[in-house]
Amino acid sequence: MSNRSDTWSDLELDLDGDTLREECGVFGIFGHPDAAAITALGLHALQHRGQEAAGIVSFDGSRFHSERKLGLVGDSFSDRGTIERLEGTSAVGHVRYSTTGETVLRNVQPLFAELDVGGFAVAHNGNLTNGLTLRRDLIRDGAICQSTTDTEVIVHLVARSRKGGVVERFVDAIRRIEGAYALVALTNKKLIGARDPHGIRPLVIGELDGRYILASETCALDIIGARFVRDVENGEVVVITDAGIESLRFAPPQAERPCVFEYIYFARPDSVVNGRSVYAARKAFGAELAREAPADADVIVPVPDSGVPAAIGFAQACGVPYELGIIRNHYVGRTFIQPTQSVRELGVRLKHSANRAVVEGKRIVLVDDSLVRGTTSVKIVRMMREAGAREVHFRIASPPITHPDFYGIDTPEREKLLAATHDLEGMRAYIGADSLAFLSVEGLYRGLGCERRNPARPQFTDHCFTGDYPTALTDLTVATPRKLALLAEAD
Amino acid sequence: MSNRSDTWSDLELDLDGDTLREECGVFGIFGHPDAAAITALGLHALQHRGQEAAGIVSFDGSRFHSERKLGLVGDSFSDRGTIERLEGTSAVGHVRYSTTGETVLRNVQPLFAELDVGGFAVAHNGNLTNGLTLRRDLIRDGAICQSTTDTEVIVHLVARSRKGGVVERFVDAIRRIEGAYALVALTNKKLIGARDPHGIRPLVIGELDGRYILASETCALDIIGARFVRDVENGEVVVITDAGIESLRFAPPQAERPCVFEYIYFARPDSVVNGRSVYAARKAFGAELAREAPADADVIVPVPDSGVPAAIGFAQACGVPYELGIIRNHYVGRTFIQPTQSVRELGVRLKHSANRAVVEGKRIVLVDDSLVRGTTSVKIVRMMREAGAREVHFRIASPPITHPDFYGIDTPEREKLLAATHDLEGMRAYIGADSLAFLSVEGLYRGLGCERRNPARPQFTDHCFTGDYPTALTDLTVATPRKLALLAEAD
Amino acid sequence: MSNRSDTWSDLELDLDGDTLREECGVFGIFGHPDAAAITALGLHALQHRGQEAAGIVSFDGSRFHSERKLGLVGDSFSDRGTIERLEGTSAVGHVRYSTTGETVLRNVQPLFAELDVGGFAVAHNGNLTNGLTLRRDLIRDGAICQSTTDTEVIVHLVARSRKGGVVERFVDAIRRIEGAYALVALTNKKLIGARDPHGIRPLVIGELDGRYILASETCALDIIGARFVRDVENGEVVVITDAGIESLRFAPPQAERPCVFEYIYFARPDSVVNGRSVYAARKAFGAELAREAPADADVIVPVPDSGVPAAIGFAQACGVPYELGIIRNHYVGRTFIQPTQSVRELGVRLKHSANRAVVEGKRIVLVDDSLVRGTTSVKIVRMMREAGAREVHFRIASPPITHPDFYGIDTPEREKLLAATHDLEGMRAYIGADSLAFLSVEGLYRGLGCERRNPARPQFTDHCFTGDYPTALTDLTVATPRKLALLAEAD
Amino acid sequence: MSNRSDTWSDLELDLDGDTLREECGVFGIFGHPDAAAITALGLHALQHRGQEAAGIVSFDGSRFHSERKLGLVGDSFSDRGTIERLEGTSAVGHVRYSTTGETVLRNVQPLFAELDVGGFAVAHNGNLTNGLTLRRDLIRDGAICQSTTDTEVIVHLVARSRKGGVVERFVDAIRRIEGAYALVALTNKKLIGARDPHGIRPLVIGELDGRYILASETCALDIIGARFVRDVENGEVVVITDAGIESLRFAPPQAERPCVFEYIYFARPDSVVNGRSVYAARKAFGAELAREAPADADVIVPVPDSGVPAAIGFAQACGVPYELGIIRNHYVGRTFIQPTQSVRELGVRLKHSANRAVVEGKRIVLVDDSLVRGTTSVKIVRMMREAGAREVHFRIASPPITHPDFYGIDTPEREKLLAATHDLEGMRAYIGADSLAFLSVEGLYRGLGCERRNPARPQFTDHCFTGDYPTALTDLTVATPRKLALLAEAD
């Protein structure tokens, strides 16, 4: 899973889908004269959470303005004109993955609707587990859905709520949804944030020039020099107005249970998620792994870029030199030639290449953050051997992925998860390494500073490794082929 | 100089120009059925040598085909249509930087001309030191120049040569030019390569499926699985036909004197230039620097990405932990918002951010590959301090740059080179570090495996550090304001 | 009003708005293997009814496909890919004017919604006079509106109807709307057409290869060689399925009252609207005008292109030669340079120029189809005089426009209608002609073959000339500033 | 040949090439503060002479600026930025047809070269009959040609001339070329115009605000309100400076012999070419034709738009009503769907449609300006019959085209010229008309005001009808397949 922080999906990945995707990033600011520019910068810092589309909605005191575009924030929101059209002192923004076709732009968030109480814009990171069920009920009741996002379901629930004010309607709406959500909403008077009862997806509060900010990660505060205030709590709604922050609880208090994949892969290494440094966690995963599964080797080689912190941790723990045995080419466009069969057989490496000076004649340990389908790993091991590696030991700084996600991570179908269909020796043979080891679940928890995993109520959302889902999965009872297929696989 | 391997120039760099630029990359292949696709892949691997434009000319046995585009190879040469239009089994290609305006595309190489002996395409990496002089003479003689490149001068010299065959004309032409050049040319029968008498710019020969390739660096061979054959020698012309490789010498034999900046900054770390691993050289520069200028510190932090190998070498040599104290954002577009003054004052970091978990409370050593104007360094030091660094020591893994280049590197005017106008303490004070040190020239040569620099005839082209230019600088006697200004400065 | 059949709005028109706009065109076909291609051709023939955007929705038996684009049909729907994506044997399409901004594409029709009874696409030509009122009620009831079109109101009414089948719901919905509408809707089983109780906007039924077509005008049948079957009647719903056409009446039978502007200006001259040739009607208007307001002149000059048929009729009736005294430049892009003040003062004619050979020294009669603000007429008269015309007599082949429209024609505010603020002599003086005459209302009716206008229930919708609106104007009681302003003016 | 004044080539034309093309238009102005804007307007007025590309070169007193673009002037030169980049008070411009591919932009004129005497820009309307021969000689002599235009040959001749000043060099150069040319050139001090010794292509002098203008037609003067001064004479060079106009003769005086096709088809009807109104000439051709070949008919129908003036003349001469029996759709994009075979069989009319109200049951006379291949005529006759015409008589207001052109008109190969391979009855049968007649050559001359054609030295260049070429055809002796083929055919 070394391919994520990319501006394109290269040939082999387009074919293989050897990635976890579909995360999103959200951002909001209230009462700042440069609201749109700051939101664009915040989204730029969150770009690793979704690279295919971005959107910003601003409010200027009387009108809402919306710009939603395909492509990178740095490309789409880079011109003065776009920012100037987003007039006003409050704004919310969103980055996401999306698919092709005319419907794309309708799915780009933030979504906006003119309600009878005024305009309402909302951006969502996460996935509802009863979204399809609610959508079906809404359409039966005459609602018209323009997008295919769960987020639109939330907008309809707010629009149809019989409660009085917009915050009351918003709370009324989110009490009906289940799953994972970090929401940022903007009305003509308020900026609203909410995090699901388990706190699966992250959301933090920041402050700049005395004005409040909401963002998926702290790195979006750092880019603009904003101060970190605190995390939004699980089951909390925060309402930001000129008077400050008001906090409401819409769910009974319980311990948070954040998604462990934020630490393994999604969040940026310089972010602090729920009080823990992501970089430190990844190094700790690597160090735990070095203790659990050492290898007698000459060099430790990270699979760039996602495996770098774990590899540093691994190398420091075992005292073997850390070396760049794989060079990453960052100049990748969105597509590349579809070569002839003869070119394809060259085994082209568009994105990675071996650094023979490091690899040749050596026993190497490759460290990556996680393993999904394994197709990329196969190629990297082969590339190392072709560059003269004497032994190739593969170490994965997280446990085997055996179950699909329903909370915003687009995992492949279960039968394509290598760990769901192969035992350890089968995986090793498949990727062609001399040895293979994963971090244990307990090692993962130790890396996160826990003495051990609490099996009664785990401290983290970790179902991909354990099958232990934190919420009901209502939509799986709705007969959609894909969902049913996933259910069947997941058992 | 940490900003080079980028797909854009961000805000601060656009303002400051704190980079070395204007290198190019060349590639050619003869007699392969996938000539254009392979050339595109080769250029993709050479993308770090020039990101603004790319071009390919192919020959199909009767006609030449040309595609020249602005943008990255992976964007411009990614569609099947473009590659299919480049019919034929031989091709030459080029990547380059360029400027804005209507004339841009005319300067994109390879240049092509229909001579009376048939079509002639040529791609050039380097810069002539008598190009303006020759151009002036040619225009006086009725030549019409469409581009502003030195390369066109070469084409005119070939066209006007009275020698018999095209190779004889080509040799006749390059005997009249001086400066740095690695040339790849394609005729209707031959692929021709040439390297200047000093071998300042690199050029290698590879082989794939029994067909020969010319490329600026070995990484362009690795991407397609081609075998490295040998370097083209300084003062050598190689002529590739169906019969194989023929070698001609157009200059008297002498020791090569390659540009030391290929090792410091330009070449890709996995390339082997003139028999030396670039990665190993950079690590050696870092190690030499650690010995010359140690620092009592807690962590070694690379300025990503160009400072990484030297930082690893530094850390290994001094035993202090290597840590990612700066995180690089690779999702950068070509431009970004021109923010309001208030946004500008936020000190926005579009490309780099501090990893507080590593930096806070620590004594850190920042390692970068080189220092040009110093403007980026100022910001990075400040960013480290704002993230809580207790001490910030800056180490540059090359000597101070005091002289401009005239061989294909676009150095700023001399008064903007920090080392040309400040002594060491002045530079330290300017960038705000607690200490600052550069690698010595002798350390640089040691890092390259030389016992010492030979002052009579240095083993490398190193005038930027020493003022010792390897060739005449004829154009400086042509009264162009910029050239004269450079001359004045250089003394 | 000589500027309509244009692909752009030129400099003077952008400033002046001397046009009537906001008509649309609709098309639908059921059960033909080339449904999308035929719809594109039909929309191309209807392009004169709206040039800013076009859309097609098709149904392939299981899924709906939608393509909606800004620009001309011949540009936007010209590539094979677009047509091929519109799979299926049924399709509906729409051409329209639209405004700028991000919301544009949401307003491009056909609109589509997934109802609980299946997908529903609808295209609308016309304007509702209670659309704002219905929208306000819907939003109060929790509906979310994505566009600003009346058409979306219809979709919501269908979605919320409690009737059983989709046709029943559709009829239930249109019984609640008032104003002008020609509707074409597509479901997963049926193509539906409807025309308002007065038949203000046109809609015809055609047949090709045994499959039925709905279109705004007969010219959209002619382009594909389809046979004209009949007009959809006022107050009729037609339901087209594999079983043929079923006809329903949703309003009590009454004489139709089509919009007279279709004959004067909107429809294409080769169309037959409600049984009358548009070309013949325009010639008849010209002939009536020649009888009502003859001029002693040397040549009859049409204001191209819209004045041409009336000018031919005028010339034939009075026996004075018809000559092209004004040449039209059809090579107009969408915008043109915004010249400096000195260029502006040149009185540039981007679209029209005088043909001096015809005009010089002559007494000329200019014939145009209608007069809105008069700004273009001023310029044309001046252009004729500068080309040497001895006398310039202006003849308008329709009556003075004194009242705004609310049925799909975007008339300027009342105070900008020249005839609403000036008497005949005032208008003549304003445009600078030697004489000016309009066709009388009775002359208009004679041109349409009526003995006289029936004041109790006019045979045509003619309120722009008479103030006699055929329907209630409910929205004018909703307090929107613009609507109230129009109401005030209209009295 | 009714299809020329179009912004695209529609389906049938792309297949058939039933047009004459390759004319160009030129414009220049000296010493006016709005030089670029005025040139853009002038080119817009000349757009009918070439719609595929346009270019402007300006001079600001020290530097030349160039903008050359594909597409219409109104699209490409419509933004303020483009005009503002064209700084300076002098400018030359060009409109042209061109072909596809990467080389397109190199062929867009004006061409520019930096000569040793300074910058030199030139725009050319016409074609050289020794261009290939000169090009071959130049390349042999070491010249490098970037474009495939004859114009570049002229630039090389100027660059290589050994004469003293730029005007002397220019005269030296054009003395070596043969064929047709109207040239407009700009240096850093002068605007130069030249017309070939026969005056085949037109060029006029105008005056605006006391500054001089050169343009292909008077309509380019009218659009900006400039005054017509006089035609540039055949064999004359005019040199415009701040001191006024200087006139030089480079060829011995002889009677002019302008191309008759300017009157028949190319020039705009409101232009005055060589002292004759184009509109009046076309009407006279129609009237002569009515006298030579009357028809017993009910209506006269022009093939729009090019047949309109001749049809008016025809109708006036014979007293039969002129009616719009064919409606032209001007909303055509650059391409259209490539329909399936079944759609193709519909006989789609993208650009023309029958006006049944005029045609049905009538005996009609179709009047067109010329007939090339006849493919369009076939379709139009069939369309008339399908619309119910009782009889269809076709009248062509020029003689049969039997010989190719070599002076700037892109005639099809000879075997595709209908009149070169069919006798009159054969042509009639081919197009399916009830009768067919052409204007006689003598009738053509009468229409132009000549008593008769002077066979010894015809008053007009009319070889397409007579085979009487006014100049040597040197290139036909250069063995290019296409040229030789044309030569063979022409005999």
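Note that the chains take the letters A, B, C and D in the order they are written out, and that residue 1 is the start of every chain.
Definition applied: contacts are C-beta pairs under 8 Å (C-beta built on N, C-alpha and C of every residue); 3 or more make two chains touch, one makes a residue touch a chain.
Protein identities per chain, from UniProt: A, B, C, D = Amidophosphoribosyltransferase.
Computed from a predicted structure; not experimentally measured.
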- Can you give the shortest number of steps from subunit A to subunit C, where adjacent chains in the path must touch? 1
- Query: In terms of CA centroid distance, which chain is the most far removed from subunit A?
  - Reply: D
- Query: Just curious, how far off is subunit D from subunit C if you go by their C-alpha centres, in Å?
  - Reply: 36
- Note on the structure: Separation of the C-alpha centres, subunit B versus subunit C, in whole Å, is 62
- Give the residues of subunit D that touch two or more other chains, as numbers and ranges in rising order. none
- Query: Touch graph of the chains shown: is it line, ring, star, complete or other?
  - Reply: ring
- Pairs of chains in contact (touch as defined earlier), listed by label: A-B, A-C, B-D, C-D
- Message: Considering only the defined contacts, which subunit B positions touch subunit A in the complex?
- Response: 5-8, 33-34, 37-38, 40-41, 44-45, 47-48, 51, 71-80, 83, 208, 219, 222-225, 268-270, 272, 277, 279-280, 305, 308-309, 312, 316, 321-324, 327, 329-340, 342-343, 346-350, 353-358, 386
- Note on the structure: In the complex, the residues of subunit C that touch subunit A are 66-68, 102-103, 105, 113-116, 139-140, 142-146, 155-156, 159-161
